[in-house]
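The following pair of complexes shares a single chain, chain A, combined with chain B in the former and chain C in the latter.
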Partner chain A sequence: MKRLTRRAVLGGAAAMGVALGARRATAAPVRLNFYFPVAVGGPITKIIDGMVADFEKEHADVTVNAIYSGSYQDTTAKALTAVKSGEPPHLAVALSTDMFTFIDEDAILPFDEIAGSGGKTWLDGFFPAFMANSRAEGRVWGVPFQRSTIVLYWNKTAFRAAGLDPDKAPATWDEMRGFAGKLTRRSGADVAQWGVEIPSSGFPYWLFQGLTTENGAILMNEAGNEVYFDKPEVVEALQYMVDLGRKWQVMPQGIIEWGTTPQDFFERKTAMMWTTTGNLTNVRANAPFPFGVAMLPAQKRRGSPTGGGNFYLFKKTSPAERQAALAFVQWMTTPERAAEWGIKTGYVAVRPDAWTTPAMKRYVANFPAAAVARDQLEFAVAEFSTHDNQRVTKILNDGLQAALTGEKHPAQALADAQSEADRVLRPYRRS
Partner chain B sequence: MRSALETAAAWLLALIWILPLAYAGWTAFHPAAYATAFRFDAPLTLANFAAAWQAAPFARYFLNTFLLVTMILAAQLVLCTLAAFAFARIEFRGRAVAFLLVLVQLMVMPDVLIVENYRTMARLGILDSLGAIGLPYMASGFGIFLLRQTFKSVPRELDEAARIEGAGLLQLLWRVYVPLARPVYLAYGLVSVSYHWNNFLWPLIVTNSVETRPLTVGLQIFASTDQGIDWSIITAASLMTTAPLLVAFLLFQRQFVQSFLRAGIR
Partner chain C sequence: MPSRLRPQIEGWLLLLPAAVLLALFTHYPTVATAIDSLFSTPRGARGAVYVGLDNYAEMAGDPVFWQALGNNLVFALGTVPAAIALALLMALLVDRKLAGRDFVRLAYFTPTVLPMIAVANIWLFFYTPGYGLVDQLLHLLGAPSHNWLGSRGTVLPCLMVMTVWKEAGFFMIFYLAALQQIPPSLGEAAALEGASRWTIFRRVTFPLLMPTTLFVLVNALINSFRLVDQIIVMTEGGPDNASMLLLYYVFEVGFKYWDTAYAAALTVLLLALLAALALTQFLYFDRRVHYR
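Take a look at the complex of A and B:
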């Protein structure tokens, strides 16, 4: 990459101001720059490098330069910086919710257009719940890769000690509250074990979206230019979340740290926790007691948002490079590869046919909890995502945290968030 | 009485300062189960360090970071010394305006310039190299300002005496100004090295390969947001990557503190 750029620049200088983009049209063997984030533990970079090497063995004319690009936020920043400087990567894995941001920056290409008519079967082969964050303006902009949902983990030993059936997870909000009440153990003024923890640092909107979905609400429209924070169902959901801590006192009050929630679970500081399926491998390796994994409890219905990262194809690339990038994405999402990636990382394999591969069947037979996330996909909805996503999400996060810390009443917090989000989204409603 | 209070306050501040480091030390050398359970019979282990070392090519990253901070500091010292001397002691047209422009650089956060800097590096054709990480920082406005103030405070008599002895401009700079500014150089060097040792976002964005990336990029893979935080491994990795700086600081502590004191009085 380095040498190629330097040569191209010298050539460009010789040609007196020929655009830098011209370098893409020269060489016959295609070189692809591929940005990927690391968001779960484990040797992710090594797994990616291994898959890339396998791909290159089968495609002698394509070289894939897999570039680790930090967290999801770093990846988006790096990709957009490169786009604005006229040197974009050819493809990247980034948050599925950054789709509108990439579209607004005119950075990405729709997959259905590049793949043509032959790509339809491939694109239709993914779980519809995951594709919900890929479609906008009638096109497909992202291909699911490292995806997750929220599930409930529970400590079976703690359930038995509290006189509950260790094999039965709470199925409704009322049950979860009741179970949590029995599981909360106090010693004097201190709490030795909380009933449940729903993390609320960093990105509380994601876990909150589990509650709103279960209460029958949706938070945004498909065009990503309207939000519905102040609907009664949404306020009820926030009231429930706040009451778990303040009124019923079965969950720690205030902000619960996302990063240390699994640690609390391992150390028996909480008997149940809500967190991503991406934690499955971590919990399996570190929980010193038998645990269960269940779908989130229902109120009016079951539900959870999806989460995680999609593949994106970037503009300002040559047709040959686009086709090579597409071939790479298709290769990475074949049923066998999707299954391999899911088993090695703990992400949910993104295609139904990946779950019928022999490797995946063996994995699920040994570890049935892995299939819970797949079964929940039936009830899953698109992750919250709008135009100017980072700002709108921050508005919602701030509102939620204000309610959780007791700074604002839930209804007030959400009404404030609604009017602020409306102000940000107004420019995207014209047309 | 007053001094007892001051001593107590100093101890308190020192305690607050050392706490995160002490926690890191505890967690890094114990199994994950003892991350928040402080018991004296907790078994010691080096497994966290081994695991952290395995997780990324840290040997290469150490080399890169070392080369990077050395290169930046060397270039900064040369450029800032020459520029500061010109601003302090040489009369030329537009000096005030030029110095003002240098000062403006102090007001602009480097992060704002990421896109523009990236474009410049792309045009120069040096993306994904150590040079690209360092180049935007070499002509440091802070360094020029700091040294200019120091040079201005050098007594005129010394300057004139050297001139009478027949010293040329560069000789004058090298024999009179630089030796007198030594504490400032030391203080500035410390700030520069620790800043670039810790810098993350710009190096991440402008580089792509293991051969050019610094330690901080390697450290980032432990901050896996989708999952829980493994404090043991994170603290082990942090201790490992900051160890050279910590050791250097402890060794040269006295000089650093003194030079800061002297540089600060002016």
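Take a look at the complex of A and C:
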């Protein structure tokens, strides 16, 4: 009864995926359903379809149905719905931070187990910073694919106009605050140009994690069942973020919309912005002035969280299907493919050896900004991720927004978030 | 006997397709949701177990739920009367003979035809601080720019304004149809008696429109709990839950947190609330509405 119920209620979304999957059924022995999201601008579906076609040419016995599944949020929802209906996809690209969610739903398989001993070299070939969101319980659950970090973009024309060196980005928190002060132009009660914008709508925790990392704090343990929101370093980081708007008034007060921040930058509404490297191609195409890309400024150290999506392999599939799915993931993450994907999309190529391919060397020589994200990986940390991830993340987001809108003091907001998160995570501390 | 049964059978056969669809996609999910709300959320290998009213007890201690409920009441009180008043005003305007009447009617109706997602994306840019339309207009009056969707105090009113704009055109159509049903002789008779136009509206037109007003009121109230597309596009319930509405909270609990049992309990509460609203309106106001 229970099972039937859930199938009826949640089955609708799954039905679409299944129907699409059936469309390209052929006589090939193995047929894989592959869900992928689109999270940045550009002809992503076309690129994926092209890569899939190339893979099928080399693997005559495997057919891959690449199924566009909406946003990251939609993809996780569709994959989990399909799991509950008993017809999961064979593989999917989903947020690296949804790993615990998939594990708790008993939906995915560890890559190291499927790949056996031969897979170790392959898995060790990715940037360690990207693998940080792949490991739990001594296993590897995700393989990095479309990954990013946060970087600082600055308007060189505005820097020159403010008497700053147009080729030098702020390297520390104090410098960023100082530069932002010089860059903020007021006309009467209004501000014509802000110094800096750190977006805070939707998922402020991600950008905030840049600040906490730089201030030497970590937000969660590797097991994903403890968080450290109320540590002094974390409170200091939030205080700095709040003060940029409220005390020093070099950043708009209240919530800064993630989606319109690049537009603010193009419109010269802000001279600096923090956003994902995934926006690199967008900014390159649309900024009407020379711009620079830099690592985030340091306080105690440099730092940024990683972000983006990993490959996952799903349970309830046959051994032959699993091996075929693994072969596809391995093929998609060879140095040449990783380089191709990075160049076409703006994501950070996920393996060091992808950066030594001739194609990537040419790309970086023409567009050195592309290498900033790679260089920052040395200082990057795992993106915030816990059990019951969306709920805990939301608690942190609410706390951050309460502080940014002046509803609570940073220390109070984070203490409240800590006790709330503790309540949610308590069940996951008993093993 | 068979001749008497036949029309019966035919009748039931005619009803069958609609009945099956309703049962399958409306009644069965409703009952299933109510049953689910009494069980815990199954996680992976751990199945669902019967927990009685635990999910409902959790609701009582959930601050986000109470905030969503409060926001929703404010949202309903703010949008429903305003949308109805605006709809009536627009209908009265375009009911009269005036140049370009069809064009004006079309213009009033346009927001209704546009998908909510598209509308929300357009208004997102209207509300953008600095160079958004709202700020540019206020700038002409010398007002400083404001972070409309990013401040706790203004986010819900901003969404309400947009919702009224979106909804009023739809309700106008009902009023327009109702106005054209009123015999002109009633107004003419009143005018002969020397009644002013305001008196005619208050004493003749408005009372005759009451059935329509009731219908629109029910629909508007239900819509205020039912439409949350704009939240998904514009605010995701933020900042700090200041624009969280009940249905969006159900979506978030169900499809972001995957706490399906708690989402089921919230859904049952939302259903009960809407049922109570609809029943009160029909049972109580119906007696006081003048039907011809």
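List of remarks:
One rule holds for everything that comes next: the second predicted complex is superposed on the first by the 403 of 431 C-alpha atoms of A that agree within 3 Å, B and C clash if a C-alpha of one lies under 4 Å from a C-alpha of the other, contacts with A are read in each partner's own complex, and residues count from 1 in each chain.
Going forward, contacts are C-beta pairs under 8 Å (C-beta built on N, C-alpha and C of every residue); 3 or more make two chains touch, one makes a residue touch a chain.
These numbers come from a predicted model, not from an experiment.
Superposition of the two structures on chain A leads chain B and chain C into a clash. By the touch criterion stated above, A:405 is placed in contact with chain C alone, chain B being left untouched.
Of the two partner chains placed by superposition, A:170 touches none, neither chain B nor chain C. In the superposition on chain A, A:77 makes contact with both chain B and chain C. When the two complexes are overlaid on their common chain A, residue A:276 makes contact with chain B while staying clear of chain C.
By the touch criterion defined above, A:297 reaches neither chain B nor chain C. By the touch criterion defined above, A:342 reaches neither chain B nor chain C.
In the superposition on chain A, A:191 makes contact with chain C only, not with chain B.
Of the two partner chains, chain C is the only one that A:201 touches; chain B does not reach it. Of the two partner chains, chain B is the only one touched by A:69; chain C is not. When the two complexes are superposed on chain A, the residues of chain A that touch both chain B and chain C are 1-2, 5-6, 8-10, 77, 202, 259-260, 263, 267. Every residue of chain A that touches chain B in the complex is listed here, in rising order: 1-2, 5-6, 8-10, 20, 33, 38-41, 43-45, 65, 67-72, 74, 77-78, 81-82, 84-87, 148, 202, 258-263, 267, 275-276, 278-279, 282, 286, 288, 307-308.
Interface residues of chain B, counted against chain A in their complex, comprise 32-33, 35-37, 55-56, 114-115, 118-119, 122-129, 201, 204-205, 208-209, 217, 220-221, 223-231. On the side of chain A, the complex with chain C involves touching residues 1-2, 5-6, 8-10, 73, 77, 80, 101, 103-107, 188-191, 200-202, 252-257, 259-260, 263-264, 267, 269, 388, 390-391, 394, 397-399, 401-402, 404-405, 407. Remark: chain C residues 28-29, 32-33, 35-36, 39, 42-45, 47-48, 124-125, 128-131, 139, 144-145, 147, 149-152, 235-236, 238-242, 252, 255-260 touch chain A in the complex.
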